[in-house]
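The two complexes that follow have chain A in common; it is paired with chain B in the first and with chain C in the second.
And now, the complex of A and B:
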């Protein structure tokens, strides 16, 4: 009986390992059915995507970035400005946000990908702060300190299908549709020859270079893709909240992406979503009891990192995958 | 210049600050032959090797590969123009499988940025990798992770990775370093076998090892060229004898 069950489990795990995007989307689709806080579920979904985009740089390319807020916030403002100030269709606005995030990643990448280790972290941090101040001072376009208001998308029409975004559950599934596409694209890229090059560069830069790999171009392309995924998360978050706060560009936002990724498991496909669910879940519970929620969340974070050194999902994979 | 040389250096020098690692080295690597670079510790072999394999830019002098200068060419282009190297210290993708180590090296030569097709759809890369691994005798270890291999096997894998780009000139930096006598014999047999289709240059510390198999020997001493010639010429060269045998008496 238990043998049958473990065989069933193993078949399921094998399927999930081979179809990571489908498995991830399936779990995310079932998530709100067992998790009653739908507004929180949307946050978990979007910050999970943000962390998944960050993970491409941090986990798969092996570069520690402190500047991904620039891509997330760039996507949020790009999309938000188009909707709030120019009344552009939501789909075009999201595409515009992704484009702006990718462009910011390209510029930051051109300046930063030649540097190593801590220098890469410092340069991405400094350049992301520059982006912060540009958006902060362009108040006529971005609302400056007050944030951007009026990013209103109430109803989405997809052919005969009408989605009412005022209903949190409907909004969750609308967002999941786009997150699913991004997750699928990420899985495809990681499985492609380019994904193999990323692994090789992360494993051994010198050897990869001797094999004929252009390390700088590889890292730049990876950062741009990572930036576009984070920008999509930002754009969806702008629509989700109907506003864009200047905080979305702050270094705390970059730090959040890193924490979610570490917590879930860097370099694992599903880890960022696990990290997002655990972190935002704990935050949600603790803020109900005390204003000093960061203290509690910090302690929980330290405990989790101590007991799950490879992240929650990373440790589970390590223990049960073999 | 020797017309039969695939690679030749002219007045090659490298200084690090005030330290002269190589001075005015002019040598030829004859096409289709095995050239060994030997010399005592600190003779400047590694610096010279790194310059001709693209890792270091010379301070002055010229490196001609098939008649064209390769000074200042980016390291990652070397594999594409036909020069490939192995490292002195084993330098592999340790967490990847043996097969993937070679497959990704084959791929690196054949495509630049393919982000979309599944990597295993390219059977030709896998086939080529398996063929190279058969050649170096690792066909039974394809699915093992590279860091699970014994030291000698890792050195063989290193050579397979270097062969992935189908180099015209294969440069090996102390391929037998740290090996047992049997492993050394296996690698030397492999090197002789590889010579059928390519030119090989190798750095070696042990003079005895290369005397039997080399066609051409370059002796470096204190960063300068001491002698170049056939094993017989080198063996009977008084200065070489003085440098090597003189040391041995201590």
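And now, the complex of A and C:
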């Protein structure tokens, strides 16, 4: 009996491993049915996508970036400004946000890939801070310190279907539709020859170069794709909150992506969403009791690096592989 | 606006004094990187802790000279403990882990300071003996900033003598070139690294103390400093002390001059300088090609 059950479980796990995007979307679709806090569920979904985008750079390409806030915030402001200041249709505005995030990633990537090794972390942090200052000073467009207000999308019409975004559950499934597309695209890229090249570059740069891989172009393209995914997460977050805070460009936002990825398991497909759910769930509970959340974040960071570098999902996968 | 030659000369000296802080921060970061190949993301937080320890000691004793001793001892001690307990277990596990760990350490240091001193920040008045201004030939200039320049110059001279003329300095230079050979020669490399991390942290704290009368003191003051230190490292070349000094002064002058002509562009000018360096000379002004690629 137990053998049968384990065989059933194995078949299911094999299916999930082969169809990672479908499995991820399925789990995310079932999630709000067992998780009653729908507003929190939306945050988990969007920051999970942010971390999944970050994971492409950090986990799969092996580059530690401290600047992904620039892509997330760029997407948020790009989408937010189009909606709030120019009354653009939400779909076009999201596309605009993705475009802006990708453009910022391209510029940062062009500069950061001029050097190698550990420089990448420093240059991405510095340039992301530069983006912060640019948006901060362009107050007439971005609202500066006060943030951008009025990113209002109340109703979405998809043919005969009308979605009321004031209902959290409806909003969750609307967002999931777009997150699902991004997750599918990520899975598709990672399964492609380009995905294999990414991991080859991560594992052994010299050997990949000897095989004729253009390392710099590979990393640049990976960063731009990663930036566009993070920008989508940012754009959706702008619609979710109806505002964009200048903090979404701050270095803590980059730290958050790093934290979620590390906690869930870097270089694993589903890990970022696990990290997002665990982290935001704990944050939701803990911040009710203490103001010392940042202290806890720091300690968790240190403990993860020292004792638990594979993260939650990475450890589970390792167990299962045995 | 009428911009005279005197004004430019004054702004130049102001740039050098601003650059002195950058030099102290950059040299500490470069020293740690040159030997341990660790980018210390807690460097800005140690700068901030230095400013707070200084504020506290100054409030209690009113003696600025005592601060100059207490602050490097305090942040140096934090550096020693962090290296021994947290960073040493990570050696040999790839260059990314120490970065992540020190990033987390910065969160911890910032929140501990918030817990002890509150979130709103403190004022740090220039010590009375160093208030006032002196005539430097091109007009009056704040005495404190002149002392800051002289102090930094003296400290850099002492550091240079220490590295070039002492036995321990010889070990440092050898360690920066090839730690493996140093180990073969029977020198306990981990103790050298410990000392260097402590020294770098002490310099970060000292920089924070000296910057406090100019910049004010708050738990978040370390964040822009970390960014500035990175810009200096990229411009000067990673792991090069001479590069850190040159880039620190250059950055101070560039920011100061931009403030004179286009105040709103001052923050962006340093990123422009960094971008320009990356385009023209990616390894930095004094960086060796292929170092730590």
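Everything below uses one rule, namely that the second predicted complex is superposed on the first by the 304 of 322 C-alpha atoms of A that agree within 3 Å, B and C clash if a C-alpha of one lies under 4 Å from a C-alpha of the other, contacts with A are read in each partner's own complex, and residues count from 1 in each chain.
Keep in mind that, in the parts below, a contact is a pair of C-beta atoms (placed from the backbone, for glycine too) under 8 Å apart; a residue touches a chain by one contact, two chains touch by 3 or more.
Treat the numbers as computed from the prediction; the structure is a model and nothing was measured.
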First (chain B), second (chain C), both or neither touched by A:213: first
Touched partner set for A:195, first chain B, second chain C, both or neither: first
Partner chain in contact with A:292 - chain B first, chain C second, else both or neither: second
Touching partner for A:116 - first (chain B), second (chain C), both, neither: second
Greater residue coverage of chain A in the superposed arrangement, chain B or chain C: C
First (chain B), second (chain C), both or neither touched by A:64: second
Which of chain B and chain C A:103 touches, first, second, both or neither: neither
Touched partner set for A:301, first chain B, second chain C, both or neither: second
Chain A residues within the chain B interface of the complex: 188-189, 191-197, 199-200, 203-204, 206-215, 217, 221, 225
Interfacial residue positions of chain A with respect to chain C in the complex: 64, 66, 111, 114-119, 121-123, 125-127, 129-130, 133-134, 137, 251, 255, 258, 262, 292, 294-295, 297-302, 304-306, 309
Partner chain A, residues of chain C touching it in the complex: 37, 39, 41, 86, 89-90, 93, 95-97, 99-101, 103-112, 114-115, 223-224, 226-227, 230-231, 233-234, 238, 264, 267-268, 271, 274-275, 278-279, 282-283, 292-293
Chain A-touching residues of chain B, taken from the complex the two chains share: 53, 55, 74-80, 84-85, 87, 91-96, 100, 103-105, 107-109, 111-119, 122, 161-162, 164-165
